[in-house]
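Quick one: the structure is below, questions incoming.
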Amino acid sequence: MPIPAPNLYPPFNIIRLSHVDYGVRDLAASKAFYVDTLGLQITDEDDTAVYLRAMEERGHHCVVLHKSDAPHVKALSFKVFDEDQLDKAHDWFMAQGHAVTWVERSFQGRTLATTDCFGMPIEFFFRMDRLAPIHQKYALYKGVKPLRIDHFNCFAPDVDKAVGFYNEIGFRVTEYTEDEESKRLWAAWTHRKGGVHDIAFTNGTGPRLHHTAFWVPTPLNIIDLCDLMSTTGYLANIERGPGRHGISNAFFLYVRDPDGHRIEIYCSDYQTVDPDLEAIKWDLKDPQRQTLWGAPAPRSWFEEGSLFEGLEPVASTLGASPIIAP
Amino acid sequence: MPIPAPNLYPPFNIIRLSHVDYGVRDLAASKAFYVDTLGLQITDEDDTAVYLRAMEERGHHCVVLHKSDAPHVKALSFKVFDEDQLDKAHDWFMAQGHAVTWVERSFQGRTLATTDCFGMPIEFFFRMDRLAPIHQKYALYKGVKPLRIDHFNCFAPDVDKAVGFYNEIGFRVTEYTEDEESKRLWAAWTHRKGGVHDIAFTNGTGPRLHHTAFWVPTPLNIIDLCDLMSTTGYLANIERGPGRHGISNAFFLYVRDPDGHRIEIYCSDYQTVDPDLEAIKWDLKDPQRQTLWGAPAPRSWFEEGSLFEGLEPVASTLGASPIIAP
Amino acid sequence: MPIPAPNLYPPFNIIRLSHVDYGVRDLAASKAFYVDTLGLQITDEDDTAVYLRAMEERGHHCVVLHKSDAPHVKALSFKVFDEDQLDKAHDWFMAQGHAVTWVERSFQGRTLATTDCFGMPIEFFFRMDRLAPIHQKYALYKGVKPLRIDHFNCFAPDVDKAVGFYNEIGFRVTEYTEDEESKRLWAAWTHRKGGVHDIAFTNGTGPRLHHTAFWVPTPLNIIDLCDLMSTTGYLANIERGPGRHGISNAFFLYVRDPDGHRIEIYCSDYQTVDPDLEAIKWDLKDPQRQTLWGAPAPRSWFEEGSLFEGLEPVASTLGASPIIAP
Amino acid sequence: MPIPAPNLYPPFNIIRLSHVDYGVRDLAASKAFYVDTLGLQITDEDDTAVYLRAMEERGHHCVVLHKSDAPHVKALSFKVFDEDQLDKAHDWFMAQGHAVTWVERSFQGRTLATTDCFGMPIEFFFRMDRLAPIHQKYALYKGVKPLRIDHFNCFAPDVDKAVGFYNEIGFRVTEYTEDEESKRLWAAWTHRKGGVHDIAFTNGTGPRLHHTAFWVPTPLNIIDLCDLMSTTGYLANIERGPGRHGISNAFFLYVRDPDGHRIEIYCSDYQTVDPDLEAIKWDLKDPQRQTLWGAPAPRSWFEEGSLFEGLEPVASTLGASPIIAP
């Protein structure tokens, strides 16, 4: 099944991914990880939640940590182009039979909560509190010096279906992996903001969140983080990497937070603003697809992911299999 | 005069800057500079012209060098979102009283030639030959390893007028410098593609092209280029830098090609896709505006620029003055 | 068994490791690897041998490749402080009952060939042809941009014996690994030139050469090499890394040449000129000893090494075992 | 006047430069600079003095800051190979007619205080308190992440005389600048520890300390420091750079501490352990001598330096002049 032509005039205009809301069991432990180790900046906190932004962001938050009995993901959030797009989104989702609700979210304006084609909770908003720039306050930089949230990556039980849905609302495929036998999609990377992806999908029991990624400028940031984590008690939290993906050309590191939520640190992708950008096709059996070079991914990387709150994932129907480290 | 509110629904949709066409006196000398030293890749050449692309680009060219008796710039070119935008652009420019012509350009589809508010030649197109990706052909990387064209910077005799015009066609201001006395703009950075700028304007005799910039990922690329140029006969071609601008946060180097055309190598700017991004205002008298740190710019940097073919620049009416190296 | 006190007044003065002479089956294939990929510079070549130096070296060669029916290592060579040291070395080795011969070596002065405590061929010289500096000829830099040969690492069937021997001739231990049960040495790093090592020894069937290492200034050089090798047909030649060793703090990559000789690219160690530098002790069971972070070493890395010409290695008597990747 | 042949068997064995003792007027201000900004680690402090070490050092201190009414330098200190060398040094200096005293220095063993050929206070010791390694305590790294003290650079009123003296006690010249007209030395770089220099001399009113340098592994450390200093109130303390010297190939930055003492941050030099290393000669009129590339040095860099306590410097008799920034 080929990937669909991009929908250049989607029903409403999503600008970019915005933030993720993680349920975590121990706020102090999570702060030690996200703030002291990764280097995100606290923009608000109380006993139940911590709001974080990366160094070049002006929006109030790219990560929300809320205290929770069990680890989960509350929702993935996206920023739209203006207030009108929220109403267009509302009407489109309703017309498609998805539940829609206007919800209150701290530090945000009108927020539309709905679900994607798998029931995965997604939210849309336009207004979020804007903060003064800190990208030139170099004394604040620490940890991996994260500059901005870059993308979400989700397990999907049917990647063809995911691409169909997200393509319809304007996400454009930049790279994809096809199973040569079934001609079905194994994975796809789709964007709105002009990078390789805002959200990607990988075949597997889903919907589950595989990881949230942050962008850093150079591989040295990632090596600094490895040095720091391996000497401050976080060695076991380094799950995979560093290495380079064939897909997206990203130099990457995957780490796990204290609740097991997976965070990718990421650099070296490319600009994709051209509407006629040709998606790059990879064969599932190409070992350089996953790893242009570097150690193979461990089994946990293929199998584990964060559950969405109250949502039972379902198994994929596609039985093909990538190369897993022994 | 404050900067205008961004025009979020412009008359036609420009995606990004695309390429510059330089007139050069000695194609061989220019190739030695752009190909062997900077590391751009030749995509086509004959006795009269050389076409170049950067490492992550799939479009056929970001620089055209054409043999010419005198150095000049033929035009600055921009890519639009689809073919319809060309017709909308044609009609809008005609309605505004700008001369419009459909011109033939090698390796491109329909191309609209017109002028901006100062008579500066600008061109629009949607289709350009698309080439296979080379960003993972690491054996081809050399010189500064340029990844993509990033922006143009032009001298304008009236920056308020420039911002008025480009804002109307959708360029959004990200940072600007105001002369505190006259309240007029000294300089402005405006974007379409989600970086700090596609095109910027600086007060001065114009229109002239101050520089074309290429994006590299790390300051080490720039230091490598300094090492290479300073030991291969190009020391005098290094005009300014490396250093960091306050504006845009860019780590920069300015070099001059064999005809004096100025090229910037550039990294460390930030993502600007939010339509509600607040422009950052700088005072003309703030020395960290030009140079967060690093040696002050030499006089040539403030005064010299490339002429557009057949176009006589005019002096600016704004007499304010930035800080120039002694 | 504790490590011995350093012999600060050894019988003769070795300055540093100098070069390795590899037997290779296909000179063209080896040149493609060492010159085009690693970036060593050819200083002499004919049909039977190629001489190479790294970018900051003034001595004629740090690697000799000689055509050979089978891969092997001819000898490991060391530079002494002056001509007198050669005579002192000659007399000392003879007094210890080691065979000594004055041999002819191209581009070198008087050269003493002898053997170490395992019969491993080692050579000493003072004079080698001196070449003009090229470290500022930046146009010559390519591949991993190797600056200098850094160290040898050898399998030894008895590391305590190796340390006893090399310590006596002035090599000082900087770090070592002890088997906590037997109190015997598993591995040791010893230096003359003021870095972590000129020669190291690891428990195993020996004598065999585990690897020769080259020094580069930053991890980015190593990442560049991974990118290059993984896209030019050398992916399978990347054996281990990148990662950071606990021991020596080195950021490392291990690659295999076309004959299987192992080359390490290495940075981030530290200065060790203090005669009272305390050696750092590591426990064999400490997983961060081998790998502060990064994927575990593959089995080949523990088991494979280059044979010395005409020398049959013997098994180690120490049965302890480090952590091997599954 | 040619440089003398190196004295390979000097009267006593100096290992390396060790530390500098600066008089500073405000300990708190100096701590903010050396600790919070540069990133040196405090190893001891009280109301009158602060002791500092760099990240890979095991000796107790490389910088001592002592409270003083006026800025000055108390002495430059060197570590010798063993206790016997102290006695040999004592006897040699006494025989040469230099005043010698055994002095008490905190955290050090026997310490010999004497003067060089210009009366400049220099001290020698072998024992200093040894501290546990911190080079793998990555959470401690900050500022420019200085790894070790690298060298001193002094104004000398007669560089030929300086080279004569220091050469006699074993310092070997690696690079030098000659005034082509007078054939006198303008500057020289001399080493003991195997880098380009432990101590260098530049023509000028002296003896004065031009700067103390710290070694970092990559230019990115230096750029990080520029970013930090330029946004934390230290912009005016950045005096020169970054850039690359022709001499030594160093990538450099010069900053001034709160009392005006000059500190260099430095990387990219090369290994010099070969006793037959040929010194590199530069012409005083070669502009790439001082600056392979980068902005020219400001006048302050040529003229200002730290006084030694109680020592009146004298003017140089060599009137030649290098290239100074306008």
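Note that the chains take the letters A, B, C and D in the order they are written out, and that residue 1 is the start of every chain.
Going forward, contacts are C-beta pairs under 8 Å (C-beta built on N, C-alpha and C of every residue); 3 or more make two chains touch, one makes a residue touch a chain.
Worth saying up front: this structure is predicted, and the values here are computed from it rather than measured.
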By C-beta contact count, B-C versus A-C, the higher one is A-C
Relative to chain D, largest Cα-centroid distance belongs to chain A
Expressed in whole Å, how far the mean CA point of chain A lies from that of chain B is 32
Per the C-alpha centroid definition, the whole-Å distance linking chain B and chain C comes out as 50
Separation of the C-alpha centres, chain A versus chain C, in whole Å, is 44
The positions of chain B in contact with two or more other chains are 136, 218, 220, 227, 230-231, 292
Counting only contacts in the complex, chain B reaches chain A at residues 8, 15-16, 56, 58-59, 79, 81-82, 126-127, 130, 133, 135-136, 147-148, 193-194, 217-218, 220, 246, 249, 267-268, 270-271, 273-278, 280, 292
Given the complex, residues on chain A that touch chain C span 218-220, 223, 226-227, 229-231, 235, 238, 242, 244, 251, 288, 292-295, 326
Within their complex, chain A touches chain D through residues 136-139, 218, 220, 224, 227-228, 230-232
